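Working notes, beginning with the structure itself.
So that you can tell them apart, the chains are marked A, B and C in the order they are listed, and the count of residues begins at 1 in each.
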Amino acid sequence: MEVQFKDAKQGDMKEIICVICPNSCKLQVFKDKKGEVQVEGYGCTRGIQYGEDEYTAPKRTLITTVKIDGGELPVLPVRSKVAIPKEKLFKAMEVANHVTAKAPIKMGDVVIPNLLGLGVEVIASRSMGKKE
Amino acid sequence: MYDIAIIGGGVTGCAIARWLSRYKLKTILIEKHEDVASETTKGNSAIIHAGYASPDGTIRCKMNVKGNPMFDQAKKELHFDFERVGSFVVAFTDEDMKAIEHELKQARERNIPGEIITDIKRIKTMEPNISDKVKGIFYAPTAGLVWPFGLTVALAENAFENGVEFLFSSPVTGIRKTEKGFTIQAGEKQIDTIIVINAAGVFADDIAKMVGADDFTITPRKGEYILMDRGSCPVNYILFPTPTIVSKGILVCPTIEGHTFIGPNAQNQESKTDVRTTSAGLNEIIVGGRKLLPSIPIRSAITNFAGLRAVSNRNGDFIIEPSKVENFINVAGICSPGLSSCLAIAEYVVSLVKDHTTLKVEENPDWNPIRKPQKRLVDMNEDELSEAIKERSQWGRVVCRCETVTEAEIVDAIHRPIPCTSMDMIKKRIRPGMGRCQGGFCTPKILKILSRELDKPVTEITKNDKGSEMVFARTKQLEIQPWKGDKP
Amino acid sequence: MRRFIETDIAVLGGGPAGLAAAMIAHEKGAKVTIIERDFELGGILQQCIHNGFGLTYFKEELTGPEYAQKFIDKVKASGIEILLDSMVIDLTPDKTITAMNPEMGLMKIKAKSVILAMGCRERTRGAINVPGTRPAGIYSAGTAQRLVNMEGYMPGKRVVILGSGDIGLIMARRMTLEGAKVLCVAEVLPYCSGLVRNFVQCLQDYNIPLHLSHTITDIRGTDRVKEVVISEVDEKWMPIPGSEKIFECDTVLFSVGLIPENEISLKAGILLDKTNGPMVNEYLETTVPGIFACGNVLQVHDLVDWVTKEAERAGENAYNYVSNLDRGGKLLKPIRTIPGENVGYIVPQRIDHLKEEKLVQFSFRPKSPDKDCIIEFISRGKIFDKRKSKHIIPSEMLNFQIKVNPEIVESDITIHIKKAPPKVTQEEK
């Protein structure tokens, strides 16, 4: 049993620090012989899900600013409504860098309706009035 | 053709420029940096010494003794921050006591007020936090504090208003002797002048060498300093340890703005530009400072910096003399007590111009010794401030909260006779960013105000000289153009 | 001629603490005036555009501006008096405030109670005595954050960051996303002082190295930063010669701690603790009666949710003060709280009133990280309460509501954080 584990780990084992709570468990995540994702080193069951997600498809919320026309500030903070695949963050930044919002705007207003065709909205993080 | 060209816009050069401006002369001051007070004047103890300390018979002794009393009149005319707070030389041992007795003797001979106090209770009342090991002190009440930037800017502005021209960002790279005088290569410009006054600080020997007037050398001596926050370790007097041969030692003193100042150490070096602070140096200062004031809380430091003193190879004395090259006057090796001496030096240099050059010197009947200072919030009472805001709303917007500087003051500084074009220039006039947060909150605001007033994009605003741009680019394809917000 | 304003409660600062305190006091029925120095409400949250806020208070994950907006909308709709672009320049013990702004000029505001909510400032390079030159390109992380997130300027292209606190980590990610190269983060402590989540998502995600037990030992460059030298430090934080690493860069960001901003508090004669925050009692009342403190001006928080909760208590207590509510049980000698083993500081510093058993909120920080701890509350040499904590780190504040009973507690309360004795499991028995 143990031998099998070691063999399996050698291929594509990843060390992932669990960020669910401050305990920061060091997870070892790998695919077993059957190709199923296995998580070891977790302190609680929440770590299993986190480890699986981080291993197979890590996601992050896009947090940035976009240019805003006529606003009290030149830039408006925005975020993706849900997390997007981690590897798409820089592509998403490129999109955001070329988008211009228009003041006045309300928190939650959609700034980018369909980010990179992912079906994810990017929304204003705050309301911003028009510059007087 | 200029009558006189002064090389160097430190406090010495500016004092000379101001003194010359009372005569009918065409004078120009050439400065390497974008502003006056950019090297030695920028990093020193900011003390106007009483004058008892320098050895008898030296030029620096003569200049200090003469220069100290001149500050009262100059303050009346030029309106800069100066206060006679008095100094202590602190003795811890019997040997130290002998040394301060010697200082008392010198003070008496030079008619400088002073006394030795050995009543510990009295010393402790005057300076409650002084070390318990104190045996006695030499108290010199005429020692004072000045804000070197304020003083230098005041001298320069008054000189400017009386006709002296200023050429900034123009390093002198060559001087050629001509039939009528000299041609100076200053930056892109060539300046023709009859007389040259070399007040180039640590570079004075290099400048003199350009015409063969270098019968001296200058060694830069670095001194590091730490500035402590207001209220963190208050002192009432300038506290010197008993001096050694190399320097007056690491002192602790209040600053004119109410901070506490510790330093300097003394380190001779080759480089004339290296003003780095070092871990070892800063440690040395803390250890030294704590000998006088044991309670210095190092976590309350605001900033640290270093300055270079220009030390001559003539026993460290000042060199103020016509050189062997006719009409070329050296004002070199102005180390400590240079700041205290600057007004006396200026007067003396003008007498040299009169006596040792071919120039005819006539009084200028239109000379105005009064420099109208910039209006500041810190000098106003509530009624005055209230009126000022009503007249101009910018007085109501505090930009720098640590030093309480308003937008009006920053805008005014930008439009002074010698206009401010950088962050440091504004700082050197009205102090935003010099307080406890060191510009953390006000930097973005001042950048924008400079951008608007100078009609230049923020990306072109510098900290000081060219190449010190504060920000590189805009995010999000924003246009690079001057800021246009908050017009009054 | 000066404008004169009378109010029940003046709130100094319109950030998260000021907003929450003002809102509660207003809801209770007091006339409230907020004085804010910036052109808008929201305080530092407006530049903290990242997410991770609100999980405790709102039970949802919000960005800084979103968290602020929720309060701003409520406050704006409430009719609370808001003075923007306004700087407080003086505060007296009798609660007269001198403030000014461009439109209204110099103002005198007479309040029955004052809530201090001015927040904090960043510790500077000078305060930690980092040597080197002083060229352009040296910023505190918060200043850079404001420039990037609110003003739309990039302060640098190649960046070294000192300090692994959350702001430092978050700026590493932010600068990277905006196209800068962050060469490394150096941290003098042997552990990352920010949240693990930020370490993973701000540094690991972008392969930004974190050098623990390292500090900056030289900054080079005359006009603009050219190079930064970092060195490993020993356990006394002294640089180890020979361990220097040189980074070619144009920018250094300092993220080396926050300091409560209490210059105004000092003007009112309020006594400060060694943390630089005011000494308060169990009602968050400072040493000047009727002046309360909350948020980062009182103690630097790691979660804004706790700021809000603390501010709401301050707002309620200020309301009770102006309505002359009798607290009862005023002690002749206050009960002092004393930080014991592995405790950095405690808020409140004293308990002024104790008639019968009551709940007191204690906030404190451990000095160093530890696992499986027992937190002991001791008075008269006896443990009168204890709590367990699986994991403690200095960057995470500990908050406990503890029953304090006058029959048990007397003169002072000491709090210790101790290692729990190893568990004896069933099998071992």
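Some notes on this structure:
Assume a contact is a pair of C-beta atoms (placed from the backbone, for glycine too) under 8 Å apart; a residue touches a chain by one contact, two chains touch by 3 or more.
No experiment lies behind these values; they were computed from the predicted model shown.
Shared contacts of chain A and chain B, meaning chains that touch the two of them, come down to C. Most remote chain with respect to chain C, judged by CA-atom centres, is B. With centres computed from Cα atoms alone, the innermost chain of the structure is C. Chain A and chain B have centres, each the mean of its CA atoms, that are 54 Å apart. Centre-to-centre separation of chain A and chain C, using mean CA positions: 27 Å. Put simply, the C-alpha centre of chain B and that of chain C have 38 angstrom between them. Residues of chain B in contact with two or more other chains: 475-476, 478.
Along chain C, residues 148, 150-152, 178 each make contact with two or more other chains. Multi-chain contact residues of chain A, defined as those touching 2 or more other chains: 65, 67, 74-75.
Against chain A, in their complex, chain C makes its touches with residues 39-40, 42, 46, 49-51, 63-66, 68-69, 72-73, 148-152, 177-178, 195-197, 199-201, 204-205, 390-391, 393, 396.
Chain C contributes residues 1-2, 37, 85, 87, 89, 98, 100-106, 121-122, 124-127, 129, 131-136, 139-140, 142-143, 146-148, 150-157, 178, 217-218, 220, 222-224, 239, 250, 263, 266 to its touches with chain B in the complex. Looking at the complex, you find that chain B touches chain C at residues 226-227, 231, 273, 275-279, 281-282, 298-305, 382, 385-386, 389-390, 393-398, 401-402, 404, 407, 436-441, 443-444, 447-448, 458-459, 462-476, 478, 488. Residues of chain A touching chain C in their complex: 17, 19, 21-24, 60-61, 63-65, 67, 72-75, 77, 79, 86, 89-90, 93, 107, 125-127.
The part of chain A that touches chain B in the complex is made up of residues 65-67, 74-75, 96-98, 131.
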